[in-house]
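Per-chain residue numbering starts at 1, and chain names A, B, C and D are given in the order in which the chains are listed.
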Amino acid sequence: MIKMGVIGYGYWGPNIVRNFGETPNARVVVCCDRDPKRLEAVKSKHPSIATTDDFEKVIKDPGVDALSIVTPVATHYKFARKALEAGKHVLVEKPLAASVAEAESLVNIAGKCGLTLMVNHTFIYTGAVRKMKEIMETGDIGDIYYFDSVRINLGLFQKDINVLWDLAPHDLSILGHLVKEQPTSVCAVGSCQFGNGVESVAYLTVYFNSGLIAHFHNNWLAPVKIRSVIVGGSKKMILYDDMQASEKIKVYDRGVEVNGQKSVHDTLVSYRMGDMWAPKLDTTEALRGVAAEFVDCVQTGRKPLTDGISGLNVVKILEASEMSIKHRGREVKL
Amino acid sequence: MIKMGVIGYGYWGPNIVRNFGETPNARVVVCCDRDPKRLEAVKSKHPSIATTDDFEKVIKDPGVDALSIVTPVATHYKFARKALEAGKHVLVEKPLAASVAEAESLVNIAGKCGLTLMVNHTFIYTGAVRKMKEIMETGDIGDIYYFDSVRINLGLFQKDINVLWDLAPHDLSILGHLVKEQPTSVCAVGSCQFGNGVESVAYLTVYFNSGLIAHFHNNWLAPVKIRSVIVGGSKKMILYDDMQASEKIKVYDRGVEVNGQKSVHDTLVSYRMGDMWAPKLDTTEALRGVAAEFVDCVQTGRKPLTDGISGLNVVKILEASEMSIKHRGREVKL
Amino acid sequence: MIKMGVIGYGYWGPNIVRNFGETPNARVVVCCDRDPKRLEAVKSKHPSIATTDDFEKVIKDPGVDALSIVTPVATHYKFARKALEAGKHVLVEKPLAASVAEAESLVNIAGKCGLTLMVNHTFIYTGAVRKMKEIMETGDIGDIYYFDSVRINLGLFQKDINVLWDLAPHDLSILGHLVKEQPTSVCAVGSCQFGNGVESVAYLTVYFNSGLIAHFHNNWLAPVKIRSVIVGGSKKMILYDDMQASEKIKVYDRGVEVNGQKSVHDTLVSYRMGDMWAPKLDTTEALRGVAAEFVDCVQTGRKPLTDGISGLNVVKILEASEMSIKHRGREVKL
Amino acid sequence: MIKMGVIGYGYWGPNIVRNFGETPNARVVVCCDRDPKRLEAVKSKHPSIATTDDFEKVIKDPGVDALSIVTPVATHYKFARKALEAGKHVLVEKPLAASVAEAESLVNIAGKCGLTLMVNHTFIYTGAVRKMKEIMETGDIGDIYYFDSVRINLGLFQKDINVLWDLAPHDLSILGHLVKEQPTSVCAVGSCQFGNGVESVAYLTVYFNSGLIAHFHNNWLAPVKIRSVIVGGSKKMILYDDMQASEKIKVYDRGVEVNGQKSVHDTLVSYRMGDMWAPKLDTTEALRGVAAEFVDCVQTGRKPLTDGISGLNVVKILEASEMSIKHRGREVKL
């Protein structure tokens, strides 16, 4: 039985508490928040869970095996580092940390201490992304030409992080999960609308040596909610439309054929249209899978699917994108 | 009565011939194409229209008042220049020319000769774009924060021009029509899949001094057909979805409110959700409007809505985008 | 403070408990179910709520003011009657009862005792239906020509009631709420697939003297989930698509114009296409409104929006539809 | 080479002329219409086709092998009968005739004279319906439980026929093509809005002995255009949505399983959700297939896919539906 402490009981914390509460071999024993009202909320809904506003007390508690850090990004590093140093396994919300230096530090500490460090890249545990992974591993898609993601809506504005730090981790983690090749550089552009230096609209390109190009559109100012990913392969293409109630994944037997090449500048390309197939997806709540993965990794010592390295890889791209935006789209090496 | 010559009777030429044929005060008198089979097609469908494979003969013909150039981009300049020099008014398919130098030259020649030079930015004449223009001119949208365009499908690959030169002129002309401010620079990224140096997937950003950012996603390798534009304003937002059979334009009474600013880094932003409204659109074929506009401008001497300058503006962005792609996203001034 | 007893804690009971728990002036004091496991579920989630398997005890309890009956349809009458006779106000799930005789009896008893009898026609309390009502009361829709409802999906098969008794009460209650005229007769057809005499697919027509026709398609065997209502008026038309995440209500400025009548058999009819408008809807959970309405009616003595009579009207149509199905579509007077 | 005469050059005639014009082994030699303006339209578009307003002349012309009757329903019989009696093969627009008596008469005459009588049930020749037929013939769908069709829009009102006679032939012909079993009776309801005795909204149910039920909703007063058919089978289900630009046919691996039967009234039914599959469809214009089928049948003497009998079967249902509507839904035997 893994005894969990949950740090932060704001917007997202209740989902963490509920899911660990329903996971075999896990139990939430304590919740920590600075806001007494939030602790009241815990007590009223979960009378059996202890509450405290003292983080230090939690990490010193020998009855706590592991922590789930559900606080603003800027504080991830502080809490996670202290927890690891106190010998606790740690699950951190995305993005793993506010800088590459912080993320690397967490990875190193966890490695040295032999503790589980996992980042909550929730989407990796959805039925949709698991199915995409399964399909792509068969090779049916062929070479991957591009990965195009759009995640936009009229959003909850963040004051401390821009729209890429807020929304792109979801799709960057999906990219990192589906594509084994490491990206080499990024370009990003964005715009601030409210004089506060925080971009509300941004576009990010990630380059790979193979020619694969990944692109991300994130926007807090969109009138409609779009959450889609297209994976364009040489043999087949996948459309992942997360706004669909069913048929979130569509596999198109469509592709391109190079029919000959008269010269460098005269390649004959034609395209092929075939059937579309929408596989049935597992609809288990993704966060349930996150909790199960974390508990299992703590118990067995194996690496989580979304380990510290995958969290670090996302932060590397985010940090580089911020520099690229400042230089108005200049390529920044990773 | 304006007597028209149509140069080029390939994929698009028949639409031009049909629409000028149905426009008051215009008549197509001659069609010119190098391919005898295409001229046969003209004869069989339009017995009253003369045919020739000799362009020089057409421009020397005093019975021809104006030409419609419906040939590959690379030849626009050659044919349009000669036509203008021969004293003929000219309507050129988009993009106006294959380079800024060529486009400027055409604008200059037309200006000197006092002839009508019009570019066929067809979308400007659709009911949808005309309605957007009408709405935006009332000021109801507020400040324009961004213009986001996606025009993708499994496409007709071009050998001589990349996907931006092929598809972006549509949306760049819409941008130029709706937004009076001139753009200052561009960033673009793209990828070639077939070793021929021609990008099939590309993303283009256009910067403005006001902070407005415009972005274009063009793709010949997409499994689904998307043609959408979002105009994000401070008061309202417009979604133009050209794939909808009806309700192509949706105006969302949604926006953002700055509720105070404690400090530079602490702006309080909230958003507002209201009704959506889909105005009825005129469904007249856009090309009919193009033909009518051209004929009227030739007759009255006034500037066309889509004059040489608007064609030149689009080519400026395309040329800059090509350079930016080569430098992997570097900003290129306009 | 109204002290509530909840009878039945199966699939739907938890929603009732949660919503009364969050309603001002109400408190759930006891839950009753025959299944000890369900009572355990109550205790674990709501330690402050008493539990019992003895309905008689609940209705004798002077500390209970009102009951919410959340049991199978066949038992509604039994529980509701006893509760009313014991002087308790009653909220019953839809449909109000299993027969017209039962429903009339409940209405009569509640009337005599001066108690609140309310039926949980939840949809009446949704933002969508409230907006439809608001729009229709302005007269903007004109005369109502037809009401067409489709509520189909691959469904939870009921053993004791057919698909109309299961699904049609939702749309019949909407019809009754929006249209003041009383229906006069019904026709219904249906088919049983599993040899058990329970229709899984059924179509119901409701006639009105004015010429208005209402039609309902209910289906447990559909591959896709559709929940839509069209209200066709002489001036405007409303489409209520409950499967849309936003824009559930669309008002079309479309209608028909009679332009003259040469003779009885030669009426000139043309149609008019105008704008579409999707009003912003209140997104408060409908069940919250149900709970608030019930509590307010108990406290003030006024008639609920969905009173016993509205529940009876729905049951009248259901009972008639069953007879019509048995006679393969024969008209049955109401 | 089959030499065709086309009788009627109104709204639909031009499509017939164009398609026969592009069909091998066929040539349109003459068009007949009472309206001189329509004959002018023929001349201007097809100078090689003779024109006349004298139907008798056409049927006496030995240079005409076959006629396509593209006139109002009320006149189908008159023209088709005379044509057959004059020894011409005949293609008639849907519905075949205005009554069962007329349709039977045409079938008999054609049979006696050994001439081809074909009805233009165009949808049978679409890629979508051909694919449905192909899938259903494999048996993959299992037993067919129901056939549900909705064909509604804000429509072109007819003065002489009601909405079922206008729109239902499309879906009735699809039903007849896909399902071999003969229907036994019908129920129909409808409503007239304009005091002219012509129903604008109607619902039709068709019964089969096997328990299969087919239902049709046709409506000229709908704010949106819907054209969908659902075929519900015991193993799989098909959704045919003709308003989709692509993926018109979706095959759902969804069905129902009877898991046991404790008693007549206690059948245990569960459902199964699997993948969805959207096969690629042939996108050839359906009317091209109609023309090719007719020409081939005339040349070879074989029965057309949509022969007189299939036209008669549709008319039988239409005539019965009219009687059922008059008796407010009473079952009418076929």
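One rule holds in what follows: contacts are C-beta pairs under 8 Å (C-beta built on N, C-alpha and C of every residue); 3 or more make two chains touch, one makes a residue touch a chain.
From a predicted model like this one, the values you see are computed outputs, not experimental measurements.
Touching chain B and chain C at once are the following chains: A, D.
At the far end from chain D, in terms of centres built from Cα atoms, lies A. Judged by contacting C-beta pairs, the busier of the interfaces B-D and A-D is A-D. With each centre defined as the average position of its C-alpha atoms, the distance from chain A to chain B rounds to 39 Å.
Work out the mean CA point of chain B and of chain D, and you get 42 Å between them. Computed from the mean C-alpha positions, the centre of chain A lies at a distance of 53 Å from the centre of chain D.
The multi-chain contact residues of chain B, meaning those touching 2 or more other chains, are 273. Taken in their complex, chain C has these residues touching chain A: 47, 225, 243, 245-246.
Residue ranges of chain B in contact with chain C, taken from their complex: 247, 253, 273-280. The part of chain B that touches chain A in the complex is made up of residues 145-146, 148, 150, 154-155, 157, 159, 185, 187, 189-198, 200-201, 203, 205, 207, 211-213, 215, 217, 219, 221-224, 230, 232, 234, 237-239, 250, 252, 254, 256, 258, 261, 264-267, 269-271, 273, 324, 328-331.
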